[in-house]
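Chain nomenclature is as follows: A, B and C, assigned in order of appearance, with residue numbering initiated at 1 for each chain independently.
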Amino acid sequence: MSDIDSSFLKNTWYVCAWSYEIPAESLLARTITQRPLIFWRDQSGQVIALADRCCHRAAPLSKGRREGDRIRCMYHGLLFDATGKCVEIPSQNYIPATAKVRAFPIVERFNWVWIWMGEPDHADPSLIPDTHYLKDVNWRGTPGYMHYDANYLLVTDNLLDFSHLSYVHETTLGGSAKYAAIRPKITRLDRSIRVERWLLDDEPAPFLRNLKTWPGNVDRWNIYNVVLPGVLLMDSGSAPTGTGAPEGKRVDAAEFFGCQAVTPETSTTSHYFFQQSHGFALDNRDVTENLRQSVLAGFEEDRDIILAQQRVIHADPEGGMLAMRMDAALASFRTMLEKAINLEQSCVPKAMNQAVEI
Amino acid sequence: MSDIDSSFLKNTWYVCAWSYEIPAESLLARTITQRPLIFWRDQSGQVIALADRCCHRAAPLSKGRREGDRIRCMYHGLLFDATGKCVEIPSQNYIPATAKVRAFPIVERFNWVWIWMGEPDHADPSLIPDTHYLKDVNWRGTPGYMHYDANYLLVTDNLLDFSHLSYVHETTLGGSAKYAAIRPKITRLDRSIRVERWLLDDEPAPFLRNLKTWPGNVDRWNIYNVVLPGVLLMDSGSAPTGTGAPEGKRVDAAEFFGCQAVTPETSTTSHYFFQQSHGFALDNRDVTENLRQSVLAGFEEDRDIILAQQRVIHADPEGGMLAMRMDAALASFRTMLEKAINLEQSCVPKAMNQAVEI
Amino acid sequence: MSDIDSSFLKNTWYVCAWSYEIPAESLLARTITQRPLIFWRDQSGQVIALADRCCHRAAPLSKGRREGDRIRCMYHGLLFDATGKCVEIPSQNYIPATAKVRAFPIVERFNWVWIWMGEPDHADPSLIPDTHYLKDVNWRGTPGYMHYDANYLLVTDNLLDFSHLSYVHETTLGGSAKYAAIRPKITRLDRSIRVERWLLDDEPAPFLRNLKTWPGNVDRWNIYNVVLPGVLLMDSGSAPTGTGAPEGKRVDAAEFFGCQAVTPETSTTSHYFFQQSHGFALDNRDVTENLRQSVLAGFEEDRDIILAQQRVIHADPEGGMLAMRMDAALASFRTMLEKAINLEQSCVPKAMNQAVEI
């Protein structure tokens, strides 16, 4: 097998799709960590993921024909079952054991489909972070997806340093320059970086004005984990000054829970899955819709600056960067990821087995 | 001279154009085996082929001006005759012997123009395969051309394994899965691979229904040579069961003769010249037109899957393939070609001189 | 710092913009010798040039916000002054001395903005060639700009060999083949190549027919310097035969002065700044407009053939060229430039300090 995905962490779960994207009758073709894949649901509803390349002459199976729970390559007619095993070769009875396409472990949970690109034996579902907020009666949100023409780490960098809110999102998610000036508390965990960021006694962020009103200033918080390889789980919100603060009771609060996953498509392109859910005004559709629009507007602002950054880096990869104090979390995350990749490349792959908490 | 065409067989005849494509007054610019060329007809009608690059400052001669049987570069005015020799340099009387562009041997025969990219001394016209079917009162067909964004060997692979008819051309040229299941007889000749494929007592192929009707089943045959570097010559047809079979008299048959040539443009693009002629109902224009449309529809199906295959291979060139029994002919052809290329690169070029029969 | 501009002469003045292109309120983003830059005017009107890359995380400053004479990166909020020094970092008080973006010496003179890409200490404004004709009451012309998808030396090659006028500009700037046949006088100076080209007693060039009429033939001259790295300064014109010739008094002449600058954008793209001024009929707007249109038409012809030449070279960089006598000036210029680049790369950079005359 070729080594096209050698720069990515393999023994880990990546979000590869929203549940609603995987069809029962046809196929979804999507590339994850440089590997073209096809996805479908079998008759029991289980999601199947196979390499999108016939083992015979490399024709893409995404141009193939579903035959029940099997897929036929429509170049020369090889038929594969859902495990990737070839079960029929026109013009010969003998089917060699090597006639197969690679199948990938899949877990579907809370509307997200997770894929394991490494050794199947190590694909332990208990390693999947808890994203039940995506599908929970106490939270309300809208599934989102964006495609990035940038390396996925430029996106996780962005998630790990919210000082950009004051500049990139000045009139949307961010607000005053005070937000950039505060120092987050950063904790290095086993497989994730935890960031806790408080802004006390300030005006509500611009986007909140469409969602909720308070008589005075608020305390704002963003408390989140970014878990390897690139999943953000975030408790955030605002509450009247004094009731929000770290030990506050969050009375009359606007609370949110964000689940975001950045998955490498190739070394220069990425998938971005996200849902920002609100835990108040659950039955107010205007709030849900306003939140959806605010998040999209903000994420377009992120993409605009990150794509510009990617172009600058691409034009001069040796041009260098200068670490600032605000880079502490992203630098830790990149170091953690690099170590994990080096580890799995230098020894027998072994999955990491710590649970992740937030 | 640079070595841009080093991966192609040079001492061989390639089809470079249909006769009607080469103008008398202007120029045709076309790249063959990575070499940009210009073509025109001199006043005697002879086709001329020169490198499309002025020897002076590399301006393309395709932007030049025809002056009788000569071509003037319209950057600095050098004038070349039909042998590629520079015969005028503005501002100097002395013309060095090195002032020339390369000319290529050309033979025009039965509506095809053949070019020799190797040593001119070895350009023996007797090595050109017999394609008189392209221009013969006993056959009727329509010239065709397609451009491929794929390496030419992916196209010859396709021609050498007709098991794809059942899948790629299920509703056009192909038909039932039985066609893929049969075993062709494959013969390795000196400069070509011969394939003989019979399907007895089956329904006529879908495309035939517009051309001819029979009361019952038919015997189908495809008997063809694929000659180095990529010329297919094919006797094919159908006749009522019993009269078609190998020793049959082909009574009430629909007989066809196909001439197809795949010529590398670059390492990732190709020219495809073809004509499928019918040997029955010669004066029935509907038959000619129906056949033309069926062939084009089928060849579009081929191109669609081959381009998809090329993209998969391009994304992961080391991804591998797995040889099946159905690959016997294409594997033999690729081995034969590789040997011929290695031979001409390792010693003084020497043309192969066996005749080709079908 | 990376070495992306290593193939260009650095310790020299390049024309980077027309004065009118640099805004007071916003920014101009433009790449010079492979380095993306931003340009603006400070409150005193002085042109500022900084690298278009924040030293922190490589976001482009061209997406930043002008704050008086400063520029703020709108990713994480770093603020830079006009010298490129970082003067504010959100969330930290300490600003390291390395927090800066590179600033480039700028001189604005006669409507052209000149930039020095090498060692600032060597940026001696007296090295800038005299282009006062661009802004002189005795001359009248129109600023012009073209972008080239070609290496800048293919453009300077073109300027150094006017034998192309007979072919590329046969019906515009050029005229009869006689022009290509004449031998220019070529002089190698310290930092430039001087070319003197006379065509005596011939018809006026086609474009002149819209500008001025004479009863008979004219003497034509083009006397110019091409100064490193790519600035053409040209005295040209036509006068009735006998009064034009080298010692003639140029009575009833059509005199022009051309200033042209070719500046590398990248190794495969270029900026081309030019103004052809007329020194007669100064108050006749039709003459100014007709001249502008003729020059543009001619320069489009140049670009068309040069882009075609670039594509041929790109397809086969090793394909070779053959030097002719007409290449004497361009060969000298290329040799001079190559020596200058080698010199500055092999020792401590030292600016060349000879004045240039025409």
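One rule holds in what follows: contacts are C-beta pairs under 8 Å (C-beta built on N, C-alpha and C of every residue); 3 or more make two chains touch, one makes a residue touch a chain.
Everything numeric in this text was worked out from a predicted model, so none of it was measured.
*Asks:* Taking the touch definition from the top, what connected groups remain once chain B is excluded?
*Replies:* Excluding chain B but keeping the rest fixed, the chains that touch end up as one piece.
*Asks:* Over half shared or under half: which fits the residue numbers at the contact of copies chain A and chain B, same or different?
*Replies:* Since fewer than half of the residue numbers are used by both chains, the interface counts as different.
*Asks:* If you average the CA atoms of chain A and of chain B, how many Å lie between those two points?
*Replies:* Here the centre of chain B sits 49 Å away from the centre of chain A.
*Asks:* For chain A, give me the residues that contact two or more of the other chains.
*Replies:* none
*Asks:* Looking at the complex, which residues from chain C come into contact with chain B?
*Replies:* So the residues of chain C touching chain B come out as 157, 161, 163-164, 166-168, 177, 180-183, 304-305, 308-309, 311-313, 315-322, 324-327.
*Asks:* Where on chain A does chain B make contact in their complex?
*Replies:* Interface residues on chain A, with respect to chain B: 1-4, 34, 36, 52-53, 55-60, 63, 72-77, 89-92, 96, 98-99.
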